[in-house]
Amino acid sequence: MGSTFGHLFRITTFGESHGGGVGVVIDGCPPQIEISAQDIQVELDRRRPGQSRITTPRKETDRCEILSGVFQGKTLGTPIAILVRNQDTRPQDYSEMAQVYRPSHADATYDAKYGFRNWQGGGRSSARETIGRVAAGAIAKKILHQFAQVEVLGYVKRIKDIDAPIDPAQVTLAQVESNMVRCPNADYAEKMIALIDQIRQDADSIGGVVECVVRNLPKGLGEPVFDKLEADLAKAVMSLPASKGFEIGSGFAGTLLTGQEHNDEFYTDDQGVIRTVTNRSGGIQGGISNGEPIVMRIAFKPTATIGKAQKTVTQEGEATILAAKGRHDPCVLPRAVPMVEAMVALVLCDHLMRQQAQCHLL
Amino acid sequence: MGSTFGHLFRITTFGESHGGGVGVVIDGCPPQIEISAQDIQVELDRRRPGQSRITTPRKETDRCEILSGVFQGKTLGTPIAILVRNQDTRPQDYSEMAQVYRPSHADATYDAKYGFRNWQGGGRSSARETIGRVAAGAIAKKILHQFAQVEVLGYVKRIKDIDAPIDPAQVTLAQVESNMVRCPNADYAEKMIALIDQIRQDADSIGGVVECVVRNLPKGLGEPVFDKLEADLAKAVMSLPASKGFEIGSGFAGTLLTGQEHNDEFYTDDQGVIRTVTNRSGGIQGGISNGEPIVMRIAFKPTATIGKAQKTVTQEGEATILAAKGRHDPCVLPRAVPMVEAMVALVLCDHLMRQQAQCHLL
Amino acid sequence: MGSTFGHLFRITTFGESHGGGVGVVIDGCPPQIEISAQDIQVELDRRRPGQSRITTPRKETDRCEILSGVFQGKTLGTPIAILVRNQDTRPQDYSEMAQVYRPSHADATYDAKYGFRNWQGGGRSSARETIGRVAAGAIAKKILHQFAQVEVLGYVKRIKDIDAPIDPAQVTLAQVESNMVRCPNADYAEKMIALIDQIRQDADSIGGVVECVVRNLPKGLGEPVFDKLEADLAKAVMSLPASKGFEIGSGFAGTLLTGQEHNDEFYTDDQGVIRTVTNRSGGIQGGISNGEPIVMRIAFKPTATIGKAQKTVTQEGEATILAAKGRHDPCVLPRAVPMVEAMVALVLCDHLMRQQAQCHLL
Amino acid sequence: MGSTFGHLFRITTFGESHGGGVGVVIDGCPPQIEISAQDIQVELDRRRPGQSRITTPRKETDRCEILSGVFQGKTLGTPIAILVRNQDTRPQDYSEMAQVYRPSHADATYDAKYGFRNWQGGGRSSARETIGRVAAGAIAKKILHQFAQVEVLGYVKRIKDIDAPIDPAQVTLAQVESNMVRCPNADYAEKMIALIDQIRQDADSIGGVVECVVRNLPKGLGEPVFDKLEADLAKAVMSLPASKGFEIGSGFAGTLLTGQEHNDEFYTDDQGVIRTVTNRSGGIQGGISNGEPIVMRIAFKPTATIGKAQKTVTQEGEATILAAKGRHDPCVLPRAVPMVEAMVALVLCDHLMRQQAQCHLL
């Protein structure tokens, strides 16, 4: 269960890392939006393994096919199904996994849940599942942009303890994409890449923090109670593989301030728009967007698959030693950036449609 | 929208801080569970303002009435509606709010969204809304306990920079309830109370971190993709008023480790159960519970309502000064504990039922 | 489960016939709609038992209270909770039911499902549950009218074999409400009333057909596949107690025609609007409204509770004889009219909001 | 929107008649169920056009591919995606449709809704969409059978005015499949086939009634209020193309009886099971299954596409004459049988899982 996300702009992903393919069905997409396989491919290429030496060396081309919902280059309003075939599968790399539980992977919990699992490459728990999310996110981004030039921009803020100073209000996509680690601060990017190179040689892995900013979002998105905008964003990104924490605005650090220090005072700008002087709220108050940039950070743990030997057990519970063969990803962060953007865009698109339905009906 | 939470164990809350009352409808509750108004009242009393000198001095008795779904002391399987009447309403305390936006409150965003709001005491954005959640959570807790002695236990881990060392595996409810700040470490509790007392006298406010542990949870709960257990938990607690961050297991700090340092190695215990040596995963792997304690932390910002003067604007955008009259809560943390527990219990109960439906059918 | 209806304009009902009360929570209602308890009471009075000699003689006043979601006479956009207290409960009338299954009632199936039931007066299966639906329907009707003068009008078309000729395009609310059986054809209404009077004296019951027409509905409502407008309407009315059949447009009789006889040819009217010459489609084509009146018919079986002696069994399976004491409703049709209208209005309001979200966003 | 059906056993269909293909994603399927493409193909072949001379002469082979969710011949518990490629597309047959609205088709309403449509062969409104439903239904049937030998059996009961006497309690699949019209009464089947042959030669079309029986269904499935079993069944089959009416048990005819004549008296059979003497309730009381066979009937109108000339308008509203070229289906009933069975099986499977979740948890 639980392979569907969203209430109005609703996506359903499918697929294991091995088998016929992975993909997504997007239901509820507004009609007459220009969309092509190429628009989607651009984002898939940012997510794809093997895009640089600091990501996993698996060469997955991940070519997408739009199966339905688009006609003469425009959305029909009907479900958009997108399929990416699985390739480059080397089952021999995974034969050990049929018996041995990889530490901090989902092998053991899948077996506990279903009594059965596809042990080839992680099956459904593989990051390949995010292909469907990123494809759908590409369309969500387009809608957001078309609606009000809303911009969703993620980037690597920190790798292990290398924490780059970045101004969320000023950062640009070009800066983010200017280097392979997707950190818009060039100096820090260099240090991060050096660290990842070293970790890769150690057959180890590292994590860090992705920051994501949303600019130009209209006021009024989000629901007051359970579906607060920050709650839906938290769920969205905490559903990504390897995420361990989420914070918005001042986040955990904000708990060190007093109310007087923390509160965002209001003022009216010269266009007559009510704004806040500071943005510790991170663009959301009472669950509803206030027109300031939304700023959030997501913690990603070091990738669980490493080349080093680890103690573990077999499916039958017998102690053994595992050292992952061949390929692994020393740092998921650069590829996590488009995943985060996709999830954020999906949430915003959904809330935009909700707002339209309830508050712009009469 | 968005006043319903849960897929199978599903609650819908209603009510503003002023008006007829607040409450909840719980749909999908299993039949034949013994439940009384008193069972629910116990939890409401933990949530209630005015329970001690360090919370808001509002004296709300918050007596609940079960309107439906319980017959002869047992649940019927039909919706359980619970109502708490509003009392102690002093509209005169709020008349200024009809015009003035309180900094870091939801007044301005409600107006932006709906073009209209109940300005008496916060309306729907009031923490009174959580009464329905806590009432429903009391029933969810009972089901979890009846199913497998599952225990959901929250406590105050940190107030501002006073961070109490606590062992989530050993902490007890008696320790938590032994003092008014709900920190199970008595020494630190004392320091926290002293700090809150001082902040209260300053007419300011502070925040901190609630930690929550779940023990005895069966393996196998949670869904692989969007409805990962940690994702649903994140949404649940990030939907509470004043929450700014969520982390599970190693959380943000885990990003400072390498994969080798972070991974939880498996072993088989003397009952033949496959377990992990460490628990940096926080009891969840691949979105699914692994039988280890679930440990999560939630950041709560300092309460927005303070007695000190703040710059703000009126509804029409004119600059003004606001100093909240009368009553405010210097620190929401002690009362946030039962709210967190309730939300966590609701998520777990829902996932327990999902697991039953899909994986224990045949 | 299953006490929530609707996707965007979403209602949750609660309550048994005995206990604290029955009611509804409406979530997703647009803000700033003028609504009063009196607006709702008007519809509840049309539904209420004891409104005339041909309905059940139970005198239920069914006064509603709006608990939340309305402020200064206007909707806030937050959940609207409405409560009607239970009164006139005579448990002694129901003591036999604690043991004996009433034929064609839900006593036995509730026990099979839940292993437990509230045997006082039908519990959750009582028609009192529809109070919440009718209350919510009153608001839905108001929204539909405000949006585009959409009119939802039900009436009694047939009682047993007395089938009144009525033109759905011309019928008015005044005609419907001019007599206690709610048949807009006065001559046939008289015959129907006479028949019900006779059946009541026989301590028996009868059923019939309610027809419902929707006028002024915009083109374009309804979804192509599962949530076709007729499918959602069918579910809506088939969820009413005692309903046994649903048809739209030509319905079952349409199956006796050939395609050539049945198809609705298109023409352009003098305002330039594309319309159909005939309306065998009943206002819906491919699941989507075409701007013609929606016409549907719902079969209601004779009320199960009768005064005559019937063979049945006890909870333990022992054969016995049951003759319902005291009060019963000889014909539910007049009271079913507002229930049908409410369900139809709820479906339309929901689809209006969906259409707004998806197709009027960009 | 609205391309997802079901709450726990949940399917999402996608695809237009022209484009990459049609298919379905099934989420929530229990793990470890043996399933093969061949199991699904059997049902697709019953649905497929061109299976006999009395259906549409389009030769669609409709070979299905399972893309995900099945490993080593067994379900994984993860989403099962099934794809059927589109073939035999002759766009030249449809070029006229780009401009002309076919009477009683969805061309005009799609344009009204989306402002845009895929005019090739009906697009999303094509009966090809039901491929996904039938594929999913094949799995649902298997689960129902594995759970409790539950059997879902549909058949043609009436074609135009040829109404075959059939005993729902005794009819077998072999009888249904013994002739190409899928009427288990051989004599009437012959008459029906003769009538369809004649109508086909007239370039006209006819409709009729499909009856569907469910045997061995456990007591207790269905929810008391909105998700009554008959309500969900009504929605399910009324979402099939060309359906115009639904009735259960005594249906519309039951409204001609009095309560005394209509009520199903209870008795205890020699195995000690509480049963009903008659089954006018059609196996459902108060929305919940009572263990008797569920019997329902669905009216299908004559197919809208006919070869005869009809008056209509162009997209711009200009009057014109249309006579469908080439291929059309004189009677959809034989192919509607597997569609009805699929929808019924999907509803039952979903309710089985709900019952498991709520009532068999503790």
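By letter and in written order, the chains are A, B, C and D; residue numbering begins at 1 in each of them.
In this section, a contact is a pair of C-beta atoms (placed from the backbone, for glycine too) under 8 Å apart; a residue touches a chain by one contact, two chains touch by 3 or more.
Note that the structure is a prediction, hence the values are computed from the model and not measured.
Peer 1: Among the remaining chains, which ones contact both subunit C and subunit D?
Peer 2: Common neighbours, subunit C/subunit D: A, B.
Peer 1: Could you run down the chains that neighbour subunit A and subunit D together?
Peer 2: B, C
Peer 1: Taking each chain's centre as the mean position of its Cα atoms, how many Å separate subunit B from subunit D?
Peer 2: 45
Peer 1: Taking each chain's centre as the mean of its CA atoms, how far is subunit A from subunit B in angstrom?
Peer 2: 26
Peer 1: Averaging only over C-alpha atoms, locate the centres of subunit B and subunit C and give their separation in whole Å.
Peer 2: Subunit B and subunit C have C-alpha centres separated by 39 Å.
Peer 1: Listing for subunit C: what residues touch at least two other chains?
Peer 2: 1-4, 8, 13, 28, 31-32, 77-78, 113-115, 124, 224, 354, 358-359, in rising order.
Peer 1: Using the touch definition up top, name the residues of subunit D that touch subunit C in the complex.
Peer 2: Residues 1-5, 13, 101, 103-106, 108-110, 112-115, 124-125, 129, 158, 160-161, 199, 202, 204-209, 219-228, 230-236, 238-239, 241, 243-252, 254-268, 272, 274, 276-277, 280-282, 284-291, 299-306, 308, 310-313, 317-319, 354-355, 358-359.
Peer 1: Mind pulling up the subunit B residues that touch subunit D in the complex?
Peer 2: Residues in contact with subunit D: 7-8, 28-33, 77-78, 143, 146-147, 224, 352-354, 356-362.
Peer 1: Please give the residue numbers of subunit B that touch subunit C in the complex, ascending.
Peer 2: Touching subunit C: residues 1-4, 8, 10, 12-16, 19-23, 25, 27-28, 31-32, 65-71, 74, 76-81, 83, 113-118, 123-124 of subunit B.
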